[in-house]
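Each chain gets a letter, A, B, C and D, in the order it is written, and its residues are counted from 1.
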Amino acid sequence: MIKYIGKRLFQIIILLFVYVSIVYWMVELMPGSFVAHFIMNPKLTPEAKEALKKQFGFDKPAHIRYLLYMKNFMKMDLGISFLYYPRKVVSVIMERLPRTLFLFVTATIISYALGFNLGKRIAWRRGKFLDTAATFVGIVFWTIFTPILAIFNIWIFGVLLKLLPLNGFIDPNIWRKATISSQEIFKLLILNGGILLLVFAVALLIASRLKTLTAKKMTVWMSLLAVLIISFIYWYTSGYGIYALDILRHLILPIFTLTLLSFAGSMLVMRDTMLEIIREDYITTAKAKGLPDNIVRDKHAARNALLPLVTNFVISLGFTVSGGIITETMFSWPGMGRAYIEALNSQDIPLLVGLLVFTGIFVLIAHLVADILYAFLDPRIRY
Amino acid sequence: MEILSVKDLKMYYKTKLGYVKAVDGISFTLDEGESMGIVGESGCGKTSVSMTILRLLPENAEFMGGKVLFNLDGKTVDLVSLPESEMRRYRWKGISMIFQAAMNSLNPVYKVGDQIIEAMLNHNPKLSMDDAKKKVAELFELVGLDPRRMDQYPHQYSGGMKQRAIIAMALSCDPKIIIADEPTTALDVIVQDKILREMKKIQEKLNMSMIYISHDIAVIAEVSDKIAVMYAGKFVELADSITIFKKPMHPYTYGLMHAFPSVTGERKELTTIPGEPINLLNPPKGCRFAPRCPKADERCFSEDPEYVEVEKGHFVACHHPLEVGEVINFGE
Amino acid sequence: MGNEKTILKIEGLRKLFPAERRLFRKVRKFVHAVDGVSYEIREGESLALVGESGCGKTTTGKILVGLYEPTDGTVVMDGRDVTPFLFESYGKAENYIRRVYIDKFKNGGNGNHIGNFEEYKKIFKDKFNGNEREFVKYILKDRKKEMKNLRKKVQMIFQDPYESLNPRMTIFDTISEPLNIHNIGNLKEREEMVAELLDAVGLTPPETFMFRFPHELSGGQRQRVAIARALILKPRFIVADEPTSMLDVSIRTGIMKLMLKLADEYNMSYLYITHDLAVARYMSNRIAVMYLGKIVEMGDIEEVLKNPAHPYSKALLDAVPVPDPEVKREEPNISGSVAKPINPPARCRFYDRCPYRMERCKKDPHPQLREIAPEHHVACYLFEK
Amino acid sequence: MKEEVIREPLWKIRLRLWMRSFKQNWELFREKKLALFGLGVIIFFAIFGALYPMYPVLMKNIFWKDQEDMFSAMKPYDPIIGYDPFIPGHPSPPSPRHPLGTDPLGRDILSQLMYSTPREFTLGITAALITVVIGTMIGASSAYFGGVVDTFFMRLADIVMLFPTLALLMVLSAFIELDLLKLALILGFISGFGSITIVLKAQALTVKVRPFIEAAKSAGGSDMYIIFKHIIPNILPLSFLYMMFGVTSAIFSEAVLSFFGLVNVRMSWGIMIHTAESQGYLGGEFIGKFWWLWLPAGASITLLCSAFYFLGRGLEEIVNPRLRKR
């Protein structure tokens, strides 16, 4: 196992270097360079221009800059952003990342949970009304033009029903008197969410050791409830509750939209895998053992069909760091996706490369995690 | 004592082109401790018979009539008319099954022992885990597996071991009847021989009833007290195994007996039954074997022969049953 | 020994498959699928290769039709060494020639089992004056063509009739494919040849079958098509890999009879690979029993089946179910189960399962085949003084 | 066998066989209601797009009979430069003169919609065709040869799949003037080296191990012969169905890029929404008020994308052995 991980890591590092090089050269070759967009600023003196050029390394030929970049890349230094000069690219990303992660990880988890449940049900009742209806609705949302869905949701929930804020991250009216920055609150929120996930995972682990079904269910639900109550007490007593609530309110619409957009993907994968597994002989055996239908479905079929879905899930978790360009634009959510657009529009090469590289790293890590997880879920695989 | 009695059982698969008459009027009885073999070629519906008895059928299957009377502890129930939730109680506890592709009958992600325990707990929720484990260990000993292997996953087993585990699983709820559908087809001869001997021994020891299903008449002959020969959805002949070998009455049975080369004895000329088995989708009327039968006449093509008891315990469905010692020539 | 002509002679055939995948490093674990197998097939005679699954019988067959490269050993066909043409790469073929010919020419080894050894020796000495590279080039100059010729002579019939026909090709396309590949005849002639063969394998009338797809045919009919495909190049020799094991009994005998009839008509020999001793007895004159890559017993089939000598053959014979409820068979005297031969230790392969094992069986390498009766060879220390 | 065996030319027989199998597949296909729906929508859009040239002629004869000069000067139904001077303010809501209203520049929405349709089809099908050709060839050869060839292409696919597609396309759009054809090429290439190759390779692997490949090999077939004659025909149905999914993703990507104004196309469904957005008609209260600016184009994109997807899913249930009913 450790040998396997080592081997994979080695492969991944090579892949990463190739990827970073491709990204670097692709962006480097973009027409309209840094000079045109940044240094041509008439307010700068010639000396200042030279200094800037030197600082960004543009006095050196391209291949030297590439080598320098790779050297810095190994130290996880992705350079300085043009747009947010003089902030480092890494620090820009670190500011954007939590917002994107909170939004997209939540949406991904919800949509996979939904997709998994729907998928196993519609596969079990293949060809019935539920199957057709869920497939139809799923595919329509899966292929819907994303801006349209966002517009639609904003219109219905924001404009017509006036339930939720239209877009943005916070509502300035509420935050006028705040003694704490939105970023701080947000970090606390993420911490809270993280604890919730952690407790959930631990509870699941404990539940898997327990014998009866009721005990399993109780463990999971009780621990979740406990965390929720404790969090509630914390937010209430600290007085930050109102701010946190504001952020959460801004989150609902984008999460809802994202979930609608992507649940069909996992649902259809689940359905297809289930259909394949239902034909296996061990499903017939399980039925012949006299097990009730839903146990055969959940314990025997869905458990096996889970494997490809888990891979998909982990890899899409990796992709969440890149955010969604469309969604973030439509909801004016200042995350990674928006950063892509900003970097592109202002020819901020270091930021653009940084964003792409960062995404690549996370996706590769996700691949590795998926492989390891697969080995845990499937006893047949021993590396 | 009669434990299972199947009366004129009919089960068709509905397709776009019509009904596939996979089980078309089958009757037999099975006594306690008796073993019966069903022999037939692929596609003749022999697997459908077992699936019909246990009601493990795909959605397009339709019962067209008949009864499956099952006698459990002096109470007789008709499995066909039982509601699904009731039926579930009879599966495994009343009748358990060893499947055709036993290699794939174990769920790859659960430990073998746990899969057996699951079946036991399902039928007896009060059973404690320790007792269940003890029972599994006993079963493993019985089928010749190392009890320590129950915490292993199926992929760590060899083909023969998997088959033994399946047998242990089939025995786990002390069923009255075990249906073994091609239990040794995928195995090599030596392993096959061992498993068959094991099964025979266990059956005698526990006084269970068995139904063996196979295409291999030699395998059936080794383990069964009586043998039913199935052709195109129907039983064409049923008798105790010695009778069926010594005086087969149906031309198809005769053809099957003489189609096997043998390792010992004279090197004899083999019989070839000409033609192909008929399609079960909308079969023509008359005897279904008639197109391949050298003895067929007009009556065979127009009138379905009745399945009658010609002597005690010897049923045959043929207009022109063979005399003892009659030789028929199927031609080339 | 009979005085019939030997068509095929195999000498020390070995095939190792790597049992692990390693990057940049030498593979150390091998599955010894076929490990030093030798036999010969004479004209008009068939040899049955019998054994349990995983004993290497199929691998042996596939080497003969050029689907696998041999690791070692020599294949002589019609008195001519064809091994150099079985290798895909020039380098491996060259290695073989150096090892089997040139080294022996120099150091004086024995190559009498190879029909053309003396001839090559002469060529090497006289024509090339000992120039190794030129000699190798000369032998391998037509190796692509030689391989094609070889393929015409040896054909294979596969086990699974459902899988061995391309589902997207009509019967005509399938059967005429070898003609297509070897560029034989025009369309008209091909049609005639296919029709003739369909007739010969009992798919009559041919025109009703020619333009059907495999899924419209039953298993037996498909196997007939597969036989027709193997026959169309008029091979001398056919490797039949369990052609009847997937078929129903009532169909099976028809196919077996057909194969016997065709062997007679087309003057072919079979290497009949099967796990079923009864089928082997029906189909062939001689038998070779394989166990984990080695032949443990070989000889006339009646003789071997009547007096099996090797403990494994005995067990195999005892395990065959008899279609007679009154016969009570003996229990096969064997324990354990087959294990994959990955780097097997240098002792008798059957040692772990043998009921008669002795100290010697453990210490000495796997025993050689030894003639214990006319036309009866056994590889077992029980029969050595 | 002296008499002629086959009395018809071979191509005729093959054509008949092909027709028969087409009919059989159509029977299967007909049962898939969702796929039929998809096919219906595709046919609708095809007709809709084909009718484009008739639209201005029709409108001219109804509403512009008296103002022929004005009509030819202003070209009120031209999707790109048209303007209707008789309407007080643009964008104007749907009216008999403009069944779907006009955009902020006074152009007819319906004519934009119709004009773009054939272009969307061309783009989608071209891109998908490229994807599938690449995917099939690479998948088949990488499965057949294995080893270095396989490793190379699979690692390449790994790298391609590392890119967030949209971001990559945006970067590319910065230094390539993306017209429809170039966009189709790029989209086709990127997805051709991505996940489709892996799926097709997996399928080719299952074909590769089947004995008929060995039979062809032992008959002496060369590698290329086996790949083209045996492997590719057997994965072709799957390729064809992935083409449908390819069309969906190509049309979708084009719409997104247009929406961000990154494609150098004069008119497309995405650009219609882009126009509305850049003029500020997609904010807050305006959304509902000016629905005709975004809804027709958005609905068209969604409908056509999902139609191809439905078609693909329907075909998948027929073609893909994994999903077939027992």
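Note that contacts are C-beta pairs under 8 Å (C-beta built on N, C-alpha and C of every residue); 3 or more make two chains touch, one makes a residue touch a chain.
Predicted model only: the values in this text are computed from it and were never measured.
Chains that count as touching both chain A and chain D, per the definition above, do not exist in this structure. Separating the centre of chain B from that of chain D, both taken as means of CA atoms, is a distance of 53 Å. Each chain gets one centre point, the mean of its Cα atoms, and the points for chain A and chain C are 57 Å apart.
Residue positions of chain A touching 2 or more other chains: there are none. Within chain D, the positions touching two or more other chains are listed as 326. Viewed as a contact network, the protein chains form a single closed ring in which every chain touches exactly two others.
Taken together, the chains touch in the following pairs: A-B, A-D, B-C, C-D.
Within the complex, the chain D residues that touch chain C are 1, 5-6, 10, 13, 17, 21, 210-212, 214-221, 225, 230, 233-234. Within the complex, the chain D residues that touch chain A are 33-34, 155, 158-159, 161-164, 166-168, 170-172, 174-175, 248, 252, 255-256, 259-260, 273, 277, 282, 284-285, 287-288, 294-295, 298-299, 301-302, 305-306, 309-310, 313, 322-323, 325-326. Here chain A touches chain B in the complex through residues 211, 280-282, 284-292, 300, 303-304, 377-380, going by the rule given at the top.
Contacts from chain B toward chain A in the complex involve residues 54, 56, 88-93, 96-97, 99-102, 104-109, 118-119, 122-123, 129, 153, 155, 169. Residues 62, 65-67, 147-148, 151-152, 154-156, 158-160, 163-170, 174, 177-178, 181-182, 187, 191-192, 194-196, 199, 206-207, 210-211, 213, 226, 229, 233 of chain C are the ones touching chain D in the complex.
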